[in-house]
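Right after this note come the structures.
First chain A sits with chain B, and in the next complex the same chain sits with chain C.
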Partner chain A sequence: MASKQPENSLLGPEADSQRTLYPYVTGTSVVALKYKDGILMAADMGGSYGSTLRYKSVERMKPIGKHSLLGASGEISDFQEILHYLDELILYDNMWDDGNSLGPKEVHNYLTRVMYNRRNKFNPLWNSLVLGGVKNGQKYLGTVSMIGVNFEDNHVATGFGNHLARPILRQEWHENLSFEDGVRLLEKCMRVLLYRDRSAINKLQIAKITEEGMTISQPYSLKTYWEFSAFANPAQGAVGSW
Partner chain B sequence: MDLNMNVNAPHSMGTTIIGVTYNGGVVLGADSRTSTGMYVANRASEKITQLTDNVYVCRSGSAADSQLVSDYVRYFLHQHTIQLGQPATVKVAANLIRLLSYNNKNMLQTGLIVGGWDKYEGGKIYGIPLGGTLVEQPFTIGGSGSSYLYGFFDQAWKEGMTKDEAEQLVVKAVSLAIARDGASGGVVRTVIINSEGVTRNFYPGDKLQLWHDELEPQNSLLDILNAPSPEPMNI
Partner chain C sequence: MFRNQYDTDVTTWSPAGRLFQVEYAMEAVKQGSAAIGLRSKTHIVLGCVNKANSELSSHQKKIFKVDDHIGVAIAGLTADGRVLSRYMRNECINYGFTYESPLPVGRLVVQLADKAQVCTQRSWKRPYGVGLLVAGLDESGAHLYYNCPSGNYFEYQAFAIGSRSQAAKTYLERRFENFADSSRDDLVKDALMAIRETLQGETLKSSICTVAVVGVGEPFHILDQETVQQIIDAFEIVGEQEGPAAEPDAAAGQGAAAADQGGSTDEGVAPMDI
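Moving on to the complex of A and B:
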């Protein structure tokens, strides 16, 4: 494949560096919320290639160290690169062997610096990240975008999740949700995303992280509802309409 | 970029549309997704539109353009039927679509499939892609989802199918396209037209066959977690 680097060698050192101009294989929304025992996070398993739903078993949530859970949307290759950076970060932290381990707040801060620095070099990692975890009883849930915008909240989402899931969460989230209620709430959000986001697929995982540890569920699909009477014959009242 | 959604993007039916002849009539099929950029504006659209009692058209591309073209042609065909004194033929309907598509080619962005039954020629399918070419074919596919079906139809299409075989082929094909095309989705609608009349069918997403890498839908993860453990084996 022809290189996308500029031909003009007067650009000097810039001419050798590569930059992400646009994403190729992308993941869609990640949704997460704080509940009684920790954090619950959901993401579907799709890797889209433009408008083609090319890969259907992509794991977009991964554990980081003992205390954190990272979910990513956007370019999958950049997410894999971030996981590699975090591997090194956790490794070096372990090598100190001092009994301390990086918590979610620290990992989130590290990611924020990485994302913002890349943005300043006009070579962003094309991801929106969700970082959740529990350490010493303290629950933490934060997000970082590809331009370095970062914040924490009781519930966060990326991409379409911001527009479709956050309003639901603003209405129905409350302090001390049980595990069952948290899962049901996330599933409600994921179902809406499945109906209304073109790049969503019907296969998702829900991850849970508590003081005890983290688990990622097996992949599963949601039931969808199509039995509204208006759906059967939409053009009944107005032939030629949709 | 993340929060940069184009909510003012024109409503486009990235789509999968299919028209197939069988011995006795035609089967038209389509998905039901209309999108505005990446947002699904309508998940249960009706893309197979009536032109006359015996001729229907599958619409793809710009929602507005295809609706207007079909509205005009319905109007012309109505007058034509009155003047002629008998039902319009599929060929006339297709040619009216062609005239509008061809003469306004710089302004329109819509691909159409006209299908129907008349007493002279029986069941006929006409494809009218962008630009206004008219092509009569035993079957044709269109819309963004059709890219994923060329190989499938090359292998699966057979001359002289029965009505049920043809409809099953169409439902299977639209369902396969929905699995891979982000711009197609929702339910599968079919319209069968023959000498006896018109039958409309509706196959919701959860009633379709599962394909590779797809899973049986569940009510909730909680049902899976609370499912009883398998019985221990007896060796």
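Moving on to the complex of A and C:
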């Protein structure tokens, strides 16, 4: 006996087509850190369709209002939906026209509420988000996952970045990095991700946000070295099962 | 103000373009006991006169904490004031939950004003009969606002509402230029002196008044009776020495107040235009 549901309910068999069950076009890791003047964030420009590296010019970092920068991994269409929500949020904030504005902390918390509430409805926005910014001299860097887990830190990453980039950052990050050192550190992380993450592509952007505003670099590639002896004959010494 | 055929409901304009029900609501504010507010760049002080109905009863609460950074003093129908304070607290809590940040007082005041305006344009409602002095902080510093039953709001350096508030306003008008740079303690002193002006000769003691402070780095709180009494005692001593010089001033102030209150019953000027 099918129980009576209201028309817009997300429960029941037919509703499965209405809510997000799996992601389709996805972005991979985002890595970000605090440096002397603000936040640096890096993400490649790939949009994978399952195991196919289908789209190669996807901008996964966008400015939000005057003070914040949002980077996203996961489902690209959900990222676009989030940008739409934030557009409206910033619009209403600007319409007050009163000298108050939403800073990175406020945007981060707003996103946490959105992500968590969607998760509770079993219809998540399939993204891991990185939100960084500077307001009134205060630097802010935080992350929210698709299940609504949020926290702030001096350096954050999503997806594979958590496993490959964070350990590097834990060793080498320090307070008051210069811009050049910050970029060098991010490139080191992105290079490891490029070698080891199947869904990474060699076309990345680095975004910077400071009190003055946000700039995003033109897409560029990292130099890679494939002549390591381990790459030459990767299966040598591997134990086979048959 | 006299009864006329256009004052039965709030949705009827008079031929002169006035909404009498709204103006009557503003009269209710003038009948309530006095509330005053004054601010510097970093602090705001709210004060009110607490008159109990009889010796047996307690006095009504007229100052409410809305959030750590916002407080409100009311004059008029205290029941309406309580309901609006609850609305304000709710708005602050919801904003704080969503954004983990305090609601800027300027935005709360606009929301409050819009809520009051609704009651001036529905035939099944009546305007709120309470004036609110909203004290709060936002990004640009300390602010003091006055919200009317009409749905208007104004920002002030210092203001007084309720009965005999003109005496307090006169006192504040003489000194407001110095308030911006006043210290927090001087601001409290000035608030108490303004309250004293509304008492018209009655002794100022902490049992008949309430004072609250909010400022940068100082969450909104109501000062306890002992502290208030100590401050009163401290300046009463100085006040006694100034006494003979102050009296001619006070007499002139009261003369002006009487003339003003006579003027407000004039049909000519709609109060909302002020």
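Just so we're on the same page, the second predicted complex is superposed on the first by the 211 of 242 C-alpha atoms of A that agree within 3 Å, B and C clash if a C-alpha of one lies under 4 Å from a C-alpha of the other, contacts with A are read in each partner's own complex, and residues count from 1 in each chain.
We take it that a contact is a pair of C-beta atoms (placed from the backbone, for glycine too) under 8 Å apart; a residue touches a chain by one contact, two chains touch by 3 or more.
Being a predicted model, the structure only gives us computed values, none of them experimental.
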Now for A:158: first (chain B), second (chain C), both, or neither, which partner does it touch?
first
Contact breadth on chain A, by residue count: chain C or chain B
B
Just chain B (first), just chain C (second), both, or neither: which does A:142 touch?
neither
Answer with first, second, both or neither: which of chain B and chain C does A:65 touch in the superposed model?
neither
For A:223, using the defined touch cut-off, is the partner it touches chain B, chain C, both, or neither? Pick first, second, both or neither.
first
Answer with first, second, both or neither: which of chain B and chain C does A:233 touch in the superposed model?
first
Chain A contacts chain C in the complex at 96, 98-103, 105-106, 109-110, 113, 136
Given the complex with chain A, which residues does chain B contribute to the contact?
1-3, 5, 14, 33-35, 38-40, 42-47, 49-50, 63, 67, 70-71, 74, 144, 148, 179-183, 185-187, 200, 202, 204-206, 212-222, 224-225
Complex contacts: residues of chain C adjacent to chain A:
97-101, 104, 106-107, 110, 138-140
Interface with chain B, chain A side, in the complex: residues 48, 51-54, 56-57, 73-74, 128, 145-146, 158-160, 162-163, 180, 183-184, 187, 195-199, 202-203, 206, 217-224, 226-228, 230-235, 239-242
